[in-house]
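Let me begin by handing over the structure; questions about it come next.
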Amino acid sequence: MLKFVRKRAVASLISLVGLLVMVFFLSRLTGDPAALFLPVEASAEMKAQFRELHGLNDPMLVQFGRYVGDVVTGDFGESLRKARPALDVVLEAFTWTLWLAVITMTLVAGAAIVVGSLAAFRAGGFFDRLSSLISLVGASVPDFWIAIVAIVVFSVNLAWLPTSGTGSLLHWILPISVLFIRPFGIIVQVVRGSMIGALSSAYVKTARAKGVKSGPIIFVHALRNAMLPVITVIGDQAASLLNGAVIVETIFGFPGVGKLMIDSILQRDFNVVLAAILVTALAIFLMNLLIDLAYALLDPRIRH
Amino acid sequence: MADHLLEVRDLSVEFHTAVGVVKAVRNISYHLDRGETLAILGESGSGKSVSSSAIMNLIDMPPGRISSGEILLDGVDLLPMPAQERRKVNGRRIAMIFQDPLSHLNPVYTVGWQIREALTTHGTDAAKAASEALRLLTRVGIPDPERSLDKYPHEFSGGQRQRVMIAMALALRPDLLIADEPTTALDVTVQAEVLALLEELQRETGMAVLIITHDLGVVAEIADRVVVMEKGVLVEAGTVREVYKNPQHPYTKKLIAAAPGKGEMHVPAARAEPVLSVRDVRKRYGSFEALKGLSFDLMPGETMAVVGESGSGKSTLARILLRLDEPDSGSALWKGRDLFTMSPTELYKLRRDLQMVFQDPTQSLNPRMTVYQLISEAWVIHSDILPKAKWRERVADLLVQVGLGPEHMGRYPHQFSGGQRQRIAIARALALEPQLIICDEAVSALDVSVQAQVIALLDRLRKEMGIAFIFIAHDLPVVRDFADHVMVMQKGNIVELGTVREVFDAPQQDYTRALLAAGLDPDPDVQAAHRAARLQRAS
Amino acid sequence: MTLQTADTVVTEEPRFATRMFRMLLADKFALCAAIFLLFVLIIAIIGPTWLGDLATKQNLRGRNAVPFDWERGWVWWMGADALGRPLLARIIVATQNTLMVAAGAVALSATVGTFLGLVAGFSSPRVNQIIMRLADVIMSFPSLLIAVIVLYILGSSILNLMLVLAITRIPVYLRTTRAEVLEIRERMFVQAARVMGASSKRILFRHILPVVLPTLTTLATLDFAYVMLAESALSFLGIGIQPPEITWGLMISQGRQYLTNAWWLSFWPGLAIILTTMSLNLLSNWLRIALDPVQRWRLEMKGRKNG
Amino acid sequence: GSGPIKIVLAEEADLLEPCMATRSNIGRVIMQNVSETLTELDVRSDKGVMPRLAEKWEQNEDSSWRFHLRKGVKFSDGTTFDAKDVKHSFDRIMSDKNTCESRRYFGGITVTPTVVDDYTIDFKADPVQPILPLLMSLVTIVPEETPLEFVREPVGTGPYKLTNWTPGQQIVLTSRDDYWGAKPEVTEATYLFRADPSVRAAMVQTGEADLSPSISQLDATNPATDFSYLDSETVYLRIDHNIEPLNDVRVRRALNVAIDRQAFLGTLVPESALLATAIVPPPTLGWNPDVKVFPYDPEGAKKLLEEAKADGVKVDTPITIIARSANFPNVTEIMEAIQAQLEEVGFKVELKFVEVAEHEQYYSKPFKQGRGPQIVAAMHDNSKGDPSFSMFFKYATEGTQSGFSDPKVDDLIKRASAAVGDERAKLWSELIAYVHDDVVADVLLFHMVGFSRVSERLEFKPTMATNGTLQLSEIKIK
């Protein structure tokens, strides 16, 4: 187990470095930040000076060497736009994103597993049809629809909730609800599919022969066997939340890492992009590690 | 007639399939009283499992359908009962031991958990359930029960899993126990213990037992009455003695006549160059040593029977010889070349020559393939064996040889009975025309008439094509009829190795002797005598 | 015992296609879905040549015309967009591009992802480690960044867009497949196949893949929606498909600002996406059952009852 | 009354650096609120450059400018404001230790500040700068102690000081008791940031904010709270004259008359937007009322094209219009409509939408080698009241966004920049007419309007400057 984690950590570190190298060079191919930072009327000298000041005039390899040197000492550089350490900017935003992702995914996973399982239990029944309809619409509706409509209904017309922002607990309700919908739809479907198979297995018969109630049969006997694809997909959805829920952050004014990343990419604020990718990648690597451990935890047959 | 514990009246069950309606059970009726043991004998695929599943309400409906009949438990019809109440009956009042323990145990929970669940479901508190589970595992003879509680089903041997099932079924001391082939995977000594356990419980609690088996010895040992089924129909009923001594129906007669263990024992030819030469094979699972250095030789066309305690490493040996598990050390020379060091490409060529029939037929058949696809896959893989045009014909041929029909070709594994699946697995192994077949309890789920037919087939192949067999079995009479050499295993060791005659007539080791002594005789009278003697010895 | 002759009422097994067709008839939802998809497919093929001109004809005076105006021609029934172009015609014309991008991206990512997943689950720990870490990398590479980079360097085209979207979706398939393979390869029938000498390829594709496939199809159908919407987000940021090309996603993103004033601009393309996803999903759920021998009775029984 | 207010903006200020205050997202928060300038341009009435931290100014003999500074002014850190601060502020902008944006207004000019006494400072410019007092309205004053590098906590002399800044969430300005001028009614301003226009509108509606200077035209439906204002942005198509067929003036004229500008008003462009005849909006010095919008004349366009074609101009070459997605509201639709109108008269037009960084590469020099005929759709902002901030960049041979080179244009720009008073206005007018009518330099489209939503409890009318400056002291509370 420890050995497994250590091996994994080494491999992850290598791929993390690879990722950063890739992003470093690729992102620098996408244009000159000077042109974006300075107004279009800025003179060529000003642009040159900007590049000089931020070391963008040096050959790419020199820049890379310097970056690596700094990173090794824990310095991820300054944000071009914000004139403050890129890592600080990212960590600030990531905290919000992390909370949003964790809360949302917890709710989603719980709800989707229950709904999907029940739907599978009576596949083809009314509940199944209804939940399929809802989940599919949820999975394919543009999220800004829901966001804007939710604001119009709950904030403007009913005045129950604030439109946007981050102050109180109430502020979290709309963003989380909007984020909830799509992963919920997807996971319900995956759970349902996987559970249909599990529920027709022989061991479910055994449980029925033991007189076990439907509840435990679904949620204890079948579910755990059906969980492998489910947690994989939960992981995938969580990863996309960790990478930032751009729409929700934009509309609800949530200062998360998604919008930060887009803005930094569009503005070619490389240091922030790199730091953001580093932080989210770390989170995602860690999550994948947890998922892989969960596989083994869920199914003793795949423990090595 | 409300005084019967269980009464099945006019029960019919049918299944819908793509190719039409299968009438699995047709208008059968029988009854069972408290403390009584009723054996259902019958051809494999005759509807034994289905009819007993109907009692437990475990038939998938649809595609199954109970088209007529009623099932009365203490005079109350179980069929129209609402699910809520059924649950109180299942497990507590009626318990079931399934035919196919591997697939019927939940792979992701420890066996301890699964046994405890049977108890807690019906209201036992957790602490009590825990101690009870330990007691039950001990009772069914699982070695190291305390540690075993925390093991998962795949970590057990076939026989051990079956005992776990038994423990689970007995947990709540039900009024009625339905035991579907409860001892197919048990060696005779353990089988005797388990049967004794059933009897003891019967004495203590007045439990009634409905036992489905094809082993006439088991019937003779514990049953009071027998019903015989064939092709979904109940063809004969009566006390054990009546039916054995004076069978009425031709099928019953055939069945009794087919009881193994009466033929000539083989005399193996003089030993020449062995095809397979196994030296000092060892295997451990964690700290547990499953194989402790086995060595033996196998001649071409020879049958090596492997008998021995459940959990002694028989299946492990088979798996290792086929490189499904890697051994820790040792060598196995196949025609002079070491199986254990072969590269995948070399192995591929060899696969053709080495085949296996698995202990657990359900799991070893891909549920998404039809019988035709399952069998013909061999020729897809090794394309030089048979031209495609002939496949259909050959599959039909093989099916008939193992006692199935060509009409089964389009069906899927789940649509067959346990014994039928085993026969499909045998047919599949034969399709490759290998030189060595490892049969892991390959005939244990077959009724004696089919068993005899299959054994005869294997024997013919052995003679005609020089196929060698490693024949893992616990059914001593079958071994006696079929084997050239017998290898007796216990706790990962070979305790005795010799020709059939040597082993059966002059066993050297205590364990072998105990094994032989524990064998059951199909004749109820003989068995009654054995029993009396045994009881006397015990007291 | 006269009954002894045959224990089954055997009818000749119908051909695969007929059987599938019958099972499709048995599931009304799936049947509707199939018909709808067929319809969409036909539209995708003939749409651009059929209504191409109508869909681009602007009329600023008739901008944002309301839907359900039965007086005008049928192409106006869904109303008009901000340039007065009939929405229905635009949706029809956009079908081709939309399906090309979505189907292309989903098919590509599903194929590559599944293949890598099978390999990772079945080969040596080293290969597994390499593939899985690669998946980690892709997974943590924000899709938008990939999009900006690829489209910036290679230029924006339908093919590149498809490529970008495909890359970002690979890890789901990969990880799902691998997780399932880990479990399935321990099953006895896989070992039985090995004993028969089946090559890894055969075991993976003939024995393991069919078990994983239903889950993957479910994922893929849902990804269809995902891809169409992601493409819309990219358009909005100026790195996706851009006018005058049209896709449903682009229509949604163009209608975005009118959501509270002229809802129909983004509603209809959104509905098209929802219906397509839903149909695909219904069909995949049907397929899951139709291809699973243990579940198939659900459809076969119904067919009988109905027929 | 008085009290705190909340303002919701579209874009967060990523930096509150005074010398970057000419950037609109930063300026809107700190310009004249926290950081003040020596002079200030009056945009509400027609008073031109007004005193702020400088009480008065005059031109010296040697044509340098002398500014007399206000006394008794204190920075928010308590230090006193004097001429050294002004010099430092200016030097800081010119320093190469940072990339202050305001420096761009001094491109090509060398300015030397000399402290005369504590409250008098001279600026000597080479070449002579007649509009130096106007330029000084762009130089924010920081205390002498301010480091040359960017700071995150602006210190200024303005009526407010920064009291809270939670990046991503809010910026709070609180009014200062020791401010030199009149005490504003707004005691505290909280700035919030929402990228979505309909959310901004909703926030004012629900009372979560009091003021949103920019909402979408579509949301501006409530006459009691929603106002439109000319926002100094001009949308135009920059033509690259270097490539055939755009090097032919008939073709450029055809482009101009082929577009039905009027049809956009009230449809894709707000009703109240103005059709442009110059790159600068009307109140700018020298704006020429005699220049007339090109008439919509598709037949004329066709004829022009035919003429050109007859002279061997390859008018069939596909022309690419490059636009930036989300550059301004409805940009895609407007460009699609323009494309349709151009194709109507026989142009072959391709549309290309790009993101901001790529757009910049097409818009500014150096242009790519081997390019085809290109037109870049862009939006230009000049709220400074003088065309010099636009003309050089957009039309001079050396201008970074200029698509042509014309000696007369160069000459006019040079002369106008050096001129003062009416002469200056006249020269600019002449240039505007020449560029529009004779050179047909580009396709000028609209002077855009913005929409703001102001809570009914406030009294505030946004102006052309609101884009870059939002003076809290101008907001009154009812």
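Chains here go by letter, A, B, C and D, matching the order in which they are written, and residues are numbered from 1 within each.
Operating definition for what follows: contacts are C-beta pairs under 8 Å (C-beta built on N, C-alpha and C of every residue); 3 or more make two chains touch, one makes a residue touch a chain.
Every value quoted in this text rests on a predicted model; they were computed, and no experiment measured them.
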| item | value |
| --- | --- |
| Among all chain pairs, the one with the most C-beta contacts | A-C |
| Interchain centroid distance [CA atoms averaged], chain A/chain D, Å | 39 |
| Whole-Å gap between the CA centroids of chain A and chain B | 50 |
| Inter-chain centre distance, chain B versus chain D - centres from mean C-alpha coordinates, in Å | 88 |
| Interchain centroid distance [CA atoms averaged], chain A/chain C, Å | 22 |
| Multi-partner residues of chain C (each touching 2 or more other chains) | 148, 152, 186, 237, 259-260, 292, 294, 298 |
| Residue numbers of chain B (touch at least two other chains) | 60, 154 |
| Sequence positions of chain A contacting 2 or more other chains | 30-31, 148, 152, 200, 266, 299, 301 |
| Pairwise chain contacts under the document criterion | A-B, A-C, A-D, B-C, C-D |
| Chain D - residues contacting chain A, complex | 14-15, 17, 23, 96-99, 101, 103-104, 107-108, 149-150, 152, 167-169, 192-196, 198-199, 202-203, 205-206, 208, 355-358, 360-361, 363-364, 389, 393, 400-401 |
| Touch list for chain C against partner chain A, complex | 29, 129, 132-134, 136-137, 139-145, 148-149, 152-153, 171-172, 175-176, 179-180, 182-183, 186, 214-215, 218-219, 222, 225-226, 228-229, 232-233, 237, 252, 256, 259-260, 266, 270, 273-274, 276-278, 281-282, 285, 288-289, 292, 294-295, 298 |
| Complex contacts: residues of chain A adjacent to chain B | 200-203, 205-214, 216, 221, 224-225, 298-301 |
| Touching residues on chain D, where the partner in the complex is chain C | 197-198, 216, 218-219, 263-264, 267-268, 324-326, 329-330, 332-333, 335-337, 339-340, 351-358 |
| Residue ranges of chain C in contact with chain B within the complex | 1, 3-4, 7-14, 19, 186-189, 191-199, 202, 206-207, 210-211, 291-294, 296-298, 300-301, 304 |
